[in-house]
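Structure incoming, see below.
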Amino acid sequence: MIKVGLLGAGRIGKVHARSIAADRRSQLVAVSDIDAQAARELASTHGARPLSSQEIMADPGIDAVLIATSTDTHAALIEAAVRAGKAVLCEKPVDLNLERALACQAVVAKVGRPVMIGFNRRFDPNFAALKRAFDAGEIGKGELLSITSFDPAPPPVGYVKLSGGLFRDMAIHDFDMACWIFGAAPASVTAIGSSIVDPAIGAAGDLDTAVITLHFADGRMAVVKNSRRAVYGYDQRIELLGSDGLLSAGNVLEHTVTRITTAGAQAAKPEYFFLERYMKAYAAEWSAFVDAVQSGSDYPVTLQDGVHALAVADAATLSWQEGRTVKLIGGRPA
Amino acid sequence: MIKVGLLGAGRIGKVHARSIAADRRSQLVAVSDIDAQAARELASTHGARPLSSQEIMADPGIDAVLIATSTDTHAALIEAAVRAGKAVLCEKPVDLNLERALACQAVVAKVGRPVMIGFNRRFDPNFAALKRAFDAGEIGKGELLSITSFDPAPPPVGYVKLSGGLFRDMAIHDFDMACWIFGAAPASVTAIGSSIVDPAIGAAGDLDTAVITLHFADGRMAVVKNSRRAVYGYDQRIELLGSDGLLSAGNVLEHTVTRITTAGAQAAKPEYFFLERYMKAYAAEWSAFVDAVQSGSDYPVTLQDGVHALAVADAATLSWQEGRTVKLIGGRPA
Amino acid sequence: MIKVGLLGAGRIGKVHARSIAADRRSQLVAVSDIDAQAARELASTHGARPLSSQEIMADPGIDAVLIATSTDTHAALIEAAVRAGKAVLCEKPVDLNLERALACQAVVAKVGRPVMIGFNRRFDPNFAALKRAFDAGEIGKGELLSITSFDPAPPPVGYVKLSGGLFRDMAIHDFDMACWIFGAAPASVTAIGSSIVDPAIGAAGDLDTAVITLHFADGRMAVVKNSRRAVYGYDQRIELLGSDGLLSAGNVLEHTVTRITTAGAQAAKPEYFFLERYMKAYAAEWSAFVDAVQSGSDYPVTLQDGVHALAVADAATLSWQEGRTVKLIGGRPA
Amino acid sequence: MIKVGLLGAGRIGKVHARSIAADRRSQLVAVSDIDAQAARELASTHGARPLSSQEIMADPGIDAVLIATSTDTHAALIEAAVRAGKAVLCEKPVDLNLERALACQAVVAKVGRPVMIGFNRRFDPNFAALKRAFDAGEIGKGELLSITSFDPAPPPVGYVKLSGGLFRDMAIHDFDMACWIFGAAPASVTAIGSSIVDPAIGAAGDLDTAVITLHFADGRMAVVKNSRRAVYGYDQRIELLGSDGLLSAGNVLEHTVTRITTAGAQAAKPEYFFLERYMKAYAAEWSAFVDAVQSGSDYPVTLQDGVHALAVADAATLSWQEGRTVKLIGGRPA
């Protein structure tokens, strides 16, 4: 039984708490949050103790920590946790600043303990099925990957200002998917974008609609389409053209009912947002973490993966700002 | 070049005239109709002569006749045409009366010339693809066939009264499809039905909604669902469960555009009615007739097929009226 | 908190145990089974006590019982439970014998406590969405209902012999769906069927493939298609033609990935069997039971519903055996 | 009756000849080709005369010309035809050289006769339905357009060398679609691409796989994905995200049959290539041309549209070569 301390009792912390509780191999024993009341409530729900993060790190009875705090604390908590000998699963991103993330990676490397980053989409059953089919050679060599990733509604501008921008906050998931599917980091990144959904997002220096292309060293390409608003729900699809065919992973719909009338055929919308669409993915992510902790095998998503995705996000930001293709050299935008 | 006389210049006659004209191997040379004006107009459009049906039969320059007149004239025209040595394609049904159809069959057998019956749906590219896949063994042994066949709107009661009833007028197509797909005539027929679309149809002694099951001697079954009204268009689908899987042939939609909004995903309706849905089927039917005439090979749909389908329709009518399963013995309801 | 005693620790008992445990408003406190070891193990997994069914009935601390024992014990356990003042959820069917089920219904009526029958499919999110749409008038008046219900593989003949036959064991679910959707019991039933999947099933006096039509007093009709074998998985679909359109509820697929190659487009199969397809339905069923117990409102599925479905199954059996339409008069086949 | 001279008797010339013959309002009266034998044969098939292009231009009995010759002759033939007072429909592109196309446009403007360019895809019933829905405001304001345009197999390298490159030869269709749908020309163009399908294409200085993004002045964006090889057929899809929803136009499949087995569900491929997919589009294109000629209304595709698309292709080429976003200023890449 893996005893787990959860850092962060917010929305995503609650999702993880349920996954930890539902897996028979893990037990939630402690919860921390800067909001002590939130920590107490979530701890109480699961029969865990409210502790500070320092107490969690110091408790030798806690085997693993799940970091679901605000982004600016991730790197320091990762470092503290590996030094404390914990198994670590940290929500994405490692940090909004690439240099800080690289420093964290150096600390972790020195300690010599692995860290898993929570790119939950890799664990979506549909995307995982696409990846398995591709790895099994079902469409031959991969050539052109397309990722559609639209949120149902834009976040408040207050959120946008702290988010690191669309590329580091939203597209980073898609960059990780591209790197994961192709098993490589891109050689160059080209981005265009607009603020056409909400002018306030543009006024805050960010964009809400973007197209980013990734070029890999061997000629393969990926294109990521992002929008902060698809009124019909969370649009999360992947298409991969290969030398022998095309793989596509579609949306998960709310139900399978279709109605045909004089107005045409009406089917259901996609699941509304990530808590609906990726509910199974969060559970599978936690299960994969526990598998690796128990077996001692490599984590399926590494800290390096988190750093790669952030570097791509930095390159996309630079490309958008300067109207040019940005190369990635030695893992940094050039 | 096959020189063709067309008997009947109504709606379906015009469809056939276009198919004859579009096939480079055939030429429409004469058109007859009880409405002389209609015959003149259709003949003029295609550079043909308006003639009487007797003149067409007597003209040694005419190789083939296509019978698209009213149902009550089919049997006599078939008999006249084979006696005149013509190749014959006759619209379904052979007759509304089974005994008359059997008598016609006897005449034709005596003359020794084949006749093709126009069960156009066999030539629909989708149904033909299903049949090919089934015959190729793609789902193993056939077990349970389902045919959905809904018209967009009920016909006028005046039409209903002359139609021979839903089973002989509408379901007869589906009975032929079932016999064709399974390569056999059923051993027994069971039908239930209602008049719930238009009470006037019920008042006229007919029904507008029905479910007919066919049981074949070796245990295979088919179920035909009929309605005179599907407001969204012509619903024409087939499903076949076999020992190794399921084949299904769906509707042909008006276009491939889908719209997703907060109200859900909206796709196109099926093609509206038989002139839209089966346009390609009519052309392919004519082409198959010409193929057979030129090559001397067997017709793909025979007079026997037309008689079988009529016998099933008679059995369905009897089953509906008497609330019992009706056997087919020696090709007649028992 | 509703304290629950579970009667029956077999496959379906385990499914229910999980639902009881997952609902925060209910607690599994006791488990009985004729196999004492099975009861102990399942009880242990959920922190409950292994008891006899008599002990469960006698324990005033137990509020509700879930009956998931073998069919021949259902009626007696229902009677014992209502007499003991428990809230009752019983797996379908009430009994294989209609007279016994009617007797049980009489006992329950005398005691004056309601009983819920576990027709789980009503709680499938897709079928529930279809029912909601229909009740909301989205396709007008219902006319023709089609239920496709195929199992992935036939059961062992030993099971078949005790099952009461395909109509009482398998089709009974579909009969309940038809009655539920139309809000009425049929006036007559007509069935045909074959043993073409496994001859041993036929040798045991049962059938493995069937088509049953239900005729309702106002002319509406339903057709149920059953097969014990669809090699591609559990095929569970509903279509409902109405005066203003068509509603259909499709299968739930294993994932959303499609692969297009020179061989065509390949998509996923349906979920394999009821434990996969109806996992959400079982949880929703339990939740609905708890809702009703807590609020005192009517159960969404009643003992009467269970008796109706059994009467339809009896009528279908008779129809199949005698080759005639069987009327239902006063709730009994005539 | 519009009397038509067809210039070019190659593959696409034959397609147009059939459209001209099938439209009752037009008659093919003359055919020219540098291969006199080809001109004679095609003319003979349609009862037309084989003439030289000069003879066609000079013949006052010819009302309209359809230019389907090799690309390098388009501009000069357009100029000759407008000077001769003909109605003109010319295959795309106007020329491979933007300056030559602009010069042609100047000549045409001076003569004051309109010219229609054959961007056939605008007339595809599916894309036309998408455009109509968008123009009707069904998804609000357009934001992000995605065009997938894959050929089934790469052309021979000999063709590639004369083609003007992928952007001018293949993507130009998609550029026109983007401009048409958005009703505007883009402000800037960014392209990346690879030669990963056939190294010989790369050796010839061209690319076979590309992603091009178009940025419009008001922030809207379009992304075009091109590949010279999708082994499963001609992949021609459009998706448009708007403020109120998403429109998508899918491929046209070979048939509607699906087969479900233990291996999953298998559906048909897209129509193989443009002659299959766009057969209806070519007929509709011709019909639209005749409509405009007869009514005197504006052509639905203008010479200006042809020049715009070519300018975008030039900008894409430059962007790809220089790794930067290329602006379009005054209709020219900057």
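As written, the chains take the letters A, B, C and D, and residue 1 is the first residue of each chain.
As a working rule, a contact is a pair of C-beta atoms (placed from the backbone, for glycine too) under 8 Å apart; a residue touches a chain by one contact, two chains touch by 3 or more.
Here's who's who by UniProt: A, B, C, D = Inositol 2-dehydrogenase.
Quantities reported herein were computed from a predicted structural model and do not represent experimental measurements.
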item: Farthest chain relative to subunit D (centres taken as mean CA coordinates); value: C
item: Chain pair, B-C or A-B, that carries the greater number of C-beta contacts; value: B-C
item: Interchain centroid distance [CA atoms averaged], subunit B/subunit C, Å; value: 41
item: Whole-Å separation of chain centres (CA-atom averages), subunit A against subunit B; value: 58
item: Multi-partner residues of subunit D (each touching 2 or more other chains); value: 231-232, 244-246, 260-262, 268
item: Arrangement of touching chains [line / ring / star / complete / other]; value: complete
item: Complex contact set, residues of subunit A against subunit C; value: 125-126, 129-130, 133, 138-139, 244-252, 254-262, 268
item: Residues on subunit D engaged by subunit A in the complex (per definition of touch); value: 141, 143-144, 146, 148, 150, 188, 190, 192-197, 209, 211, 213, 215, 218-221, 223, 225, 227, 229-232, 235, 241, 243-246, 323-325
item: Interface residues, subunit D side, partner subunit C - complex; value: 231-232, 253, 260-270
